[in-house]
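Everything below concerns the one structure shown next.
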Amino acid sequence: MTTRKTEPPCEAAGAGLPTPLVAPPDADARSPVQDARFPFGASMRAGSDFLGDLFGRIADAGKFLTGLNETREADLTGLCDTLVSGRGEATGLAIACTILDRYAALTPAQKAAFFGVLSARFGVDLEALRAAYDKLQGGDAAAARAVHVAAEPKSQELLRRLNRAPGGTARLVAMRADLLEALPERPDLKPLDEDFRHLFTSWFNRGFLHLRRIDWGTSALILEKIIRFEAVHAIQGWDDLRRRVAASDRRLYGFFHPALPDEPLVFVEVALTDQVPAAIGPILAEDRTPLDPAGASTAVFYSISNCQAGLRGVSFGSFLIKQVVEDLRREFAGLRTFVTLSPVPGLRAWAGAAAAGGQLPDTLAAAVAVLEADQTAADGDAALAQTLAELAARYLVTEKAARGGARDAVARFHLGNGARLERLNIGADKSARGRGNAWGVMVNYLYDLDAIERNHETYAGTGEVVCARSVRRLIKAG
Amino acid sequence: MTTRKTEPPCEAAGAGLPTPLVAPPDADARSPVQDARFPFGASMRAGSDFLGDLFGRIADAGKFLTGLNETREADLTGLCDTLVSGRGEATGLAIACTILDRYAALTPAQKAAFFGVLSARFGVDLEALRAAYDKLQGGDAAAARAVHVAAEPKSQELLRRLNRAPGGTARLVAMRADLLEALPERPDLKPLDEDFRHLFTSWFNRGFLHLRRIDWGTSALILEKIIRFEAVHAIQGWDDLRRRVAASDRRLYGFFHPALPDEPLVFVEVALTDQVPAAIGPILAEDRTPLDPAGASTAVFYSISNCQAGLRGVSFGSFLIKQVVEDLRREFAGLRTFVTLSPVPGLRAWAGAAAAGGQLPDTLAAAVAVLEADQTAADGDAALAQTLAELAARYLVTEKAARGGARDAVARFHLGNGARLERLNIGADKSARGRGNAWGVMVNYLYDLDAIERNHETYAGTGEVVCARSVRRLIKAG
Amino acid sequence: MTTRKTEPPCEAAGAGLPTPLVAPPDADARSPVQDARFPFGASMRAGSDFLGDLFGRIADAGKFLTGLNETREADLTGLCDTLVSGRGEATGLAIACTILDRYAALTPAQKAAFFGVLSARFGVDLEALRAAYDKLQGGDAAAARAVHVAAEPKSQELLRRLNRAPGGTARLVAMRADLLEALPERPDLKPLDEDFRHLFTSWFNRGFLHLRRIDWGTSALILEKIIRFEAVHAIQGWDDLRRRVAASDRRLYGFFHPALPDEPLVFVEVALTDQVPAAIGPILAEDRTPLDPAGASTAVFYSISNCQAGLRGVSFGSFLIKQVVEDLRREFAGLRTFVTLSPVPGLRAWAGAAAAGGQLPDTLAAAVAVLEADQTAADGDAALAQTLAELAARYLVTEKAARGGARDAVARFHLGNGARLERLNIGADKSARGRGNAWGVMVNYLYDLDAIERNHETYAGTGEVVCARSVRRLIKAG
Amino acid sequence: MTTRKTEPPCEAAGAGLPTPLVAPPDADARSPVQDARFPFGASMRAGSDFLGDLFGRIADAGKFLTGLNETREADLTGLCDTLVSGRGEATGLAIACTILDRYAALTPAQKAAFFGVLSARFGVDLEALRAAYDKLQGGDAAAARAVHVAAEPKSQELLRRLNRAPGGTARLVAMRADLLEALPERPDLKPLDEDFRHLFTSWFNRGFLHLRRIDWGTSALILEKIIRFEAVHAIQGWDDLRRRVAASDRRLYGFFHPALPDEPLVFVEVALTDQVPAAIGPILAEDRTPLDPAGASTAVFYSISNCQAGLRGVSFGSFLIKQVVEDLRREFAGLRTFVTLSPVPGLRAWAGAAAAGGQLPDTLAAAVAVLEADQTAADGDAALAQTLAELAARYLVTEKAARGGARDAVARFHLGNGARLERLNIGADKSARGRGNAWGVMVNYLYDLDAIERNHETYAGTGEVVCARSVRRLIKAG
């Protein structure tokens, strides 16, 4: 189907300027927020058109919008100048709306250019900063805060004013996703990205988020995003989704922000079981028999996925897990154990490098060689499985990241939350990805509310990975 | 009725620490947010108890909460240290909750003392600031932003982390209301107040606000706040309220923030009429006959009130009026004129001082004397009324505030929004307040969407008050 | 305030016929549904106008609406003929709407006349009934049902078709309220009333009702109806209401029907206490200290009120109490006792008559005389109080209604529900009504879920009043 | 996936009786209401468990439930006796719940047997009927209504009482679906079915229904039912559904009843176009370009489907179309034409029989033969297409059903609604079904609000099919 160009919401609402809006030749659907909110050319849900008449008239008058016939980026820059300056204050929303519309119509290259202009033009006012700093004497609190104010990049005020537009938050999140895509080739934009991140951290404060259960009574609009953004164990269409959200022993929860009501920010999938699971296959199986959740003893977090590329670096996952633990405890009195079934994404890469670098004992290096030759080799080979377990334990427990903490990213997340590395499971993930990343090894991290603070303190303070004795014993054996 | 002490929400949820919570001896109902949200001892509406068990255990373990037996403020300071430091990160919400609970139980004097500690302890890290500044050379964007980061007072991070707690936003707004009360005697707390204002400006961005019509189908919880916070023409109980929200030719709209769902931030009262009104009495009359709104030509904004003391300096009124204008235009095609009926709060005080200082022409000074002798003197005296009109026009059009703009606060607000001073109305407000502030004079400011940008530019650029020729002519006559 | 005439919703929506709609000269606010739903001239909430254009055109064509210039009732009759006949089927909703509008504009006398016409014209088709009956032979099920169909009064089909109109259900409930008012002088309308009752019993089936808690977050629209319809212990304005719905130890629940979303059908007020109450005063006191509901042992139903005059004879109260018992049990695990504090409305009237008729023992008759001389006589007189208790026990336990069951209406309701007469309370209601009806006596009926079925069986089967031994002992003493 | 047996909601809620509930060996998913409401073993959404304790105790006492160890049907009969009799009134809901649970666990054969018992046992009380009839003299309205009351089959009261149970309405609708399945082999159950139909007609009165737009923001729970119940042009999975509900020029509306909130009763699919469509293919095409709905001139109803087998004979479709016409007119001012694109389901069957019976002119009979040999023959053959048009026009315009009205069921529906047969479209439906039923012919019926009443009167009064002159001319040519 030839999808009709999604009309930018403000433009659609009649806030258009005389210059015709040209669809970007290479527009794609990369930005989840944008295309998700306005599917199929549908207009915004509410109220975006209230600026139409207002803006139309101003635009006709043409007062502050000189230079509109120049290049698009120049227009945008001028509009941003106006918005930040406070000129045109009476119609600030209309200007913000126009900037966001125009921005949305840019090509990726134009966007990158626009970011460059933004970064250069809306940075810190160095004169003002120096003047403020010069007044800083002794330890005067007011003077120090004045330095802070003087040192604020103008881009932050610009972003705050853009956010006033209807749908502004969603569009700024999409804008940052674009920026993050541009970043690898434009490291100079890093400070601008920090401005986004700083504001988003404040706006997406956990206190503003709502936990919602996502089930079969949820809108298709949201459900299709769950399908799209599941990043750990891909969802194979609507039937698979139905099994994950509608079975009596399955739950799926997400955090939402009021300004993005149809956009999950992060979600977690939970299986209620009668034991700590040792493999992902039975959890995802099509033909399994659901459990009566009232009889479940264990809640298994088997997948956590972030949804918004534009919110990278704004962390919600830790809050989500703890909130879900509490909610499940209240709903099901029989639950005693809260545990993950997690991948070990960096195992194989690390092991290969360590073997190549001669950093592994011979038995382990030999095992790596066998597994590289046949990723399934440990399946029926108890000795190899035991060696693989030792290898994994060593990786998870003793290997550190350059910036501290566990080397494995997933381990770092859960250990930082105060979880304990509870158990290794060999042959737990027989998918191509599971084999390819970790020869099928998965891990259970245990969330024991009585211990998470102590665990966290230990891990954060000493760097020591908190793990079950049985896991540590694997290494001692090595 | 002896109202039982409102339990702080987190405490109520079981997140209590061993130290017993003592009700403040002089607790009052000053803070609108707090007592409004938890009326009559009712517990929080949702989800506040999820930290109960978690926190209980941690508290029992007592690990990071050393010093709990010391004074309350010291406890609070220590908890704030912990929260900002990131120690106790795994249980940050529980700590935030405890801080907010403890804070709520302080006396005003204890609160002021706590603010003093906060201000001193969570200020800018001057060493870090100097180090960052020293790296600032040339105009490196990243280095300049690093100064900004280094110059951030720690109080801002503290407030962001407190905001994570359930109900945190409402409680921080209440906390700032306390701070504003303490400010007159503690000017040293001004920088701390700026931290609040800075964050609130970001959090209460217009893009996050929702416009809601408030009518007779609205909850009593919200309606009673309308009664309480109406600051211009006091609402005389529920029957009066009903007339203002439920009559066919009346509207009341407010802005709400998702984190304070039952708290109007600011609201505006509108009368739909068939002419620009010259007096407030007929609008508020008990026995009037409502108009068919479909036939109305004019929307009159006759009262705008802010509700949240803790949000002082975070401006919404301008956005509110413009949004309501747009919404009404869509709903009622017949509306042609959008106008206020506004008080002139500073007229009499200015006139008295000017007369005393000999700055008025004799006729005006004489009129002041007559009016001071009898505030109603102009009622039946056409000549005096004419002189009073001249006096008012002179005050509104030519008198400037020290920091620029019109001297009258209400005039400053509407002129800054791009409205035009349209008409003076003598004898328009016969209430005690109306007489006492302005000998009964009221003003219409006109919101003409075709002109507001131009008006704003003129006013902001030149300082000239934009007004109707008929108003200006009054002065020329003088 | 001169309330503008409430426009009938359909008429307002443009469905009007050429004949001008004249406001009834003696229109009053008697019908709760009508005036409550359209307060202050506000139009209907949703969708009532969809028939406007449709109807306008048909009316212009004037095809089926012959006789429109005759008297109003004749018009209505003709429209009803058309609606029932199925002529005009394509536009049945518009006709139904017009009938309801026209009806609403009638005077009470015109309404009674209209009911008379309805009753005569839309009765049973006797010919058809006889024909169907003649085919009834043996016990053929189909033939018997055919008699049922043939015997259906046409008024039922008329009511069903009127109900199709937007807001039809509310307007039919209001219509029956009118009919019930007319009934005392028009006993011939009783069969028509039965048609209403029959349909309402089906439409207001308990399966269609929703239980809603009513609290301070409920709309003023509903809350003001609670004030208006409280029939047992009058609510003294909004502050009193607030105490009854917003205190931590108070609950108020109502049944609602989806077609009347803002109309409570019946509601019950509950106090959570730590003992079975012996008087109403402390429950309603302004200055009491609320109890922590988590510590409550007892739920007291201290008032049950029906709201819809038009639903007389359609019973909900029994379902309401039982549902609330279940809901409270789930919410508060500590609740052990569910009990009423009920008036004894018929005590004094019965006692006076019995004394006058010589049917009372001398001691009781003497007590009646004393109490008639001074309704408060028992207050400080233990012996008289004891005699009054005996009198009340005798009345409640041994006196039967003509049609069976307890003589006292409130007793009949609770005993029929399976409750037990648990305790008499002398001096329990010191209000004028309480004194006037029962010299201040109130009663606790106990809802013991373990026993209600057995109690009901006993009471329904044998007529014996189920009561506590202590109550029965009072009589034996007599 | 082995779907776990859906627990009946009441039973799940703890209202179970001692007798174990056995899953029916041949339980299938035939009943849409039941399996849709409780997908995947999920329990009922709200409040079903409130009867648990209550019922448990009563059941233990075992008072009225004698004979529980006998056969299941006997149990059910006894419970039904109890429910109707009013014995056990205090616990009527629990009994109703048990009956519905037990019923749900029966096999189809057991259900049919149960219906037989119901029909025989809960029929009309003939003695009472005769007694009432004997009192009928003259034309006494009360006596005639007494006959009606006496003639009511007890099954109706039974159904009303069953409806009181939580979820009762949905379960009764499912029960009738079972009954309709049994009916072909059990014509004696027809009167019982009439009882259901009679009550459902009252309960599903149009006044109780809500129109809802169904779009991509609707729950998957409802959307999957749209996929399942689309009966005209099958929906090919979720992507096809998305095109039909989320494209800017598509709408889908359904009627809902408050007691079945997640169950569409009937729905209609609408395409907004710029001309009256001549074929279904372009409307359903995957790769079409959506139209800007603001520019649409025509609304095309291209599919109407009933969803609830148990509501057969309770008609909503006419109301639905007219309501949607009104709603669309309000939303899109540019719409001028409301038209269907409808199948002609009976054309080929009729033509074949008529040809075989020698009732067709030779040219038509010959065309039938050609078309039977090759269903696509008319595609490129203009002469044959013309003859096929004549054949279709003759079928639609002149052929009558045995019970009157047009012979074609779809024609009968739309003509009865007051629509006009506007145009024949040859080669309009190239699907297997379209070819198989009508050699690809489709029809446009025009809904002209100015004419529908007149059209209806003509059609209903004279039986004449209202059609465009161009259609009639086709026949005259023949």
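For clarity, chains are labelled A, B, C and D in written order, and residue numbers in each chain start from 1.
Throughout what follows, contacts are C-beta pairs under 8 Å (C-beta built on N, C-alpha and C of every residue); 3 or more make two chains touch, one makes a residue touch a chain.
The shown structure was predicted, so the numbers you read here are calculated from the model rather than taken from an experiment.
Novice: Among all the other chains, which ones are in touch with both chain A and chain B?
Specialist: none
Novice: Averaging over Cα atoms per chain, report the distance between chain B and chain C in Å.
Specialist: Once rounded, the distance between the two centres reads 46 Å.
Novice: How far is the middle of chain A from the middle of chain C, if each middle is the mean of its Cα atoms, in Å?
Specialist: Roughly 56 Å, centre to centre.
Novice: Every pair of chains that touch: which are they?
Specialist: Inter-chain contacts occur between A-B, A-D, B-C, C-D.
Novice: Quick one: which bits of chain B touch chain A in the complex? Just the residue numbers, please.
Specialist: Those in contact with chain A are residues 47, 50-51, 53-54, 57-58, 61, 63-64, 86-91, 93, 119-120, 123-124, 126, 129, 133, 136, 139, 141-142, 144-145, 147-148, 151-153, 160, 163-166, 168-169, 188, 190-191, 194-195, 199, 201-203, 205-208, 211, 258-259, 318-319, 322-323, 326-327, 329-330, 416-418, 449-450, 452-457, 460.
Novice: Which residues of chain A touch chain D once you look at their complex with the stated criterion?
Specialist: Going by the criterion above, the answer is residues 1-2, 4, 39-43, 216-221, 223, 237-238, 242-243, 246-248, 262, 285-290.
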